[in-house]
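We just call them A, B and C in the order they show up, numbering each chain from 1.
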């Protein structure tokens, strides 16, 4: 079912071709939701779903779309999918949707979406496009979850809302690092991920 | 048919708009009941939080039915008026003149038989609306518990008002000082309100939101004065 | 006074880049030199200033539950808020098109250097973000919405100008190889964000 090429399409974005830390796309809406693991996780799933379906729809339509309104068609498809995701979250995951607030809507302007639609879905069949969407969505999700893991662990001492740092630590004088909750630390955490990733993949280093 | 012609483009765009609008309208309509239910459950959860009962989406309705034994609307004089307290839009009411407001009251009976009165609050924080519920003992003075929520306050700063660390400070505070209604102030550590009201510590870095909580409580609870005094007797 | 307060807050405290990471894609890609960065910053500010009032009117007279009341009482219960995302993005896309045509006509050299990023303003999160925050925070008037747009735009301009200046200097520094380029830019942005947090103490 998975030929060599499709495997590459699916697995490439997980590391070597990661949309966030290699292609530098989709950082906008990503980092603000990473103060806690739960919203980060839901955000990752939502983006993956929207990306996969948008890819499939555009790929199916690719031979019919008039060139002059190409971008608008893509935006409309993406916006429609995002609205559906937003409505579903409001109906079935109300608490998380409250935490994500405007950032669900901002999936529309997530650069990964436009990037993949333009670069991949317009030139490939629906099945490959679907895999490409899933792969990039997961690649994006991994980074989100890693960042959220460190921020929640160090910033609140919890994971998914459950306390993991034993109470005894606090009694000995351990304090949560409040700085990790604040927005700038998300950027620095991503920088650290890039650092580790590029030390291991020397070919990705710049200049 | 020529794909690049204007006619094709216009037809394509119109078909797309119709299809998308139909799909979205369908999704919105079919999910609406569930969403409305979520909003109601959330409101019940918030009301329960103000009497220190924690609930989740699955048991909020049952707990609400069990503990909230009565609810009614009063006017500024403390007389009951017609209407369903749960459906009052507090956001719209606080904009009105205090004389014309509909004031909802929820009565809660705890496991030990003690009754608490719960009042909704609504106001403005740094960035957007903040709201909450506060419960008092039957003496109409001592605060039993409080709950605050916000829409878009800065995470880690103003947003901290929804944490128990902040709201638990209200427990045991008094609305009245020497028989006068003073509400409860929010002050920076080490400072005291000039009018002699009781106070809680503000959130460091969240001054505007903290002051928002103070004026929200003042504006929302002041119209209940007569009702609170009648409880006191 | 209220509006001045809002203006200052949207520039410094709730800065689009440092507090919400909005518009990061173009922020990272177009910040290699100061001149282009300023051009893009101005274009973003301009689009924000036009789209926010338009979106505000849309939101309050068409989309919000009960917003259609001016058509008559039978429309009082109509709730079109599920369409807001799609309406906002349509307004933004058309405004961007307008800016693109203006820039192409009057500043061809800027047009050439901004290249692909001009049409991409349409998918700049800062702009949709501005509209969504405007909706969430329920500003009292069109004026406030416009001022918020202007403030956010200037905040964004300030951020991209700052990082472009830093990157021009960084080109001569000895940065660890894996951090070169994008890595160090992230760290610099993070540090600038921490510095901007000191504005939180501003009291107006």
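In this text, contacts are C-beta pairs under 8 Å (C-beta built on N, C-alpha and C of every residue); 3 or more make two chains touch, one makes a residue touch a chain.
Keep in mind that this is a model prediction, so the values were computed, not measured.
Q: Hop distance check: subunit A to subunit B, minimum number of steps through touching chains?
A: The fewest touching-chain steps linking subunit A to subunit B number 1.
Q: If I count C-beta pairs in contact for every pair of chains, which pair wins?
A: Contact tally peaks for the chain pair A-C.
Q: Roughly how many whole angstrom separate the Cα centroids of subunit B and subunit C?
A: Centre-to-centre distance between subunit B and subunit C: 31 Å.
Q: How many Å are there between the centre of subunit A and the centre of subunit C, using C-alpha atoms for each centre?
A: Each chain reduced to its C-alpha mean, subunit A and subunit C end up 21 Å apart.
Q: At least two other chains touched by the same residue of subunit A: list those residues.
A: Within subunit A, the residues that touch at least two other chains are 72, 76, 80, 83, 87, 101-102, 182-183.
Q: Among the residues of subunit C, which are close enough to touch at least two other chains?
A: 19, 82-83, 86, 133, 136
Q: Multi-chain contacts in subunit B: which residues touch at least two other chains?
A: Counting only residues that touch two or more other chains, subunit B contributes 20, 24, 27-28, 151-152.
Q: Touching subunit B in the complex: which residues of subunit A?
A: Touching subunit B from subunit A are residues 35, 64-69, 72-73, 76-77, 80, 83-84, 87-88, 90-92, 94-95, 98, 101-102, 178, 181-183.
Q: Which bits of subunit B are touching subunit A when the two form their complex?
A: Those in contact with subunit A are residues 3-4, 8-9, 12-13, 16-17, 20, 23-24, 27-28, 31, 34-35, 38-39, 41-42, 57, 151-152, 155-156.
Q: Please give the residue numbers of subunit C that touch subunit A in the complex, ascending.
A: 18-25, 28-29, 82-83, 85-86, 89-90, 93, 119-120, 122-129, 132-133, 135-136, 176-184, 186-187, 189-194, 197
Q: Okay, in this complex, where on subunit A does subunit C touch?
A: Subunit A residues touching subunit C: 24-32, 71-72, 75-76, 79-80, 82-83, 86-87, 101-102, 105-106, 108-111, 114, 182-188, 190-191, 194-199, 205-207.
Q: Considering the complex alone, what residue numbers of subunit B touch subunit C?
A: 20-21, 24-25, 27-28, 126-129, 151-152, 154, 157, 205, 207
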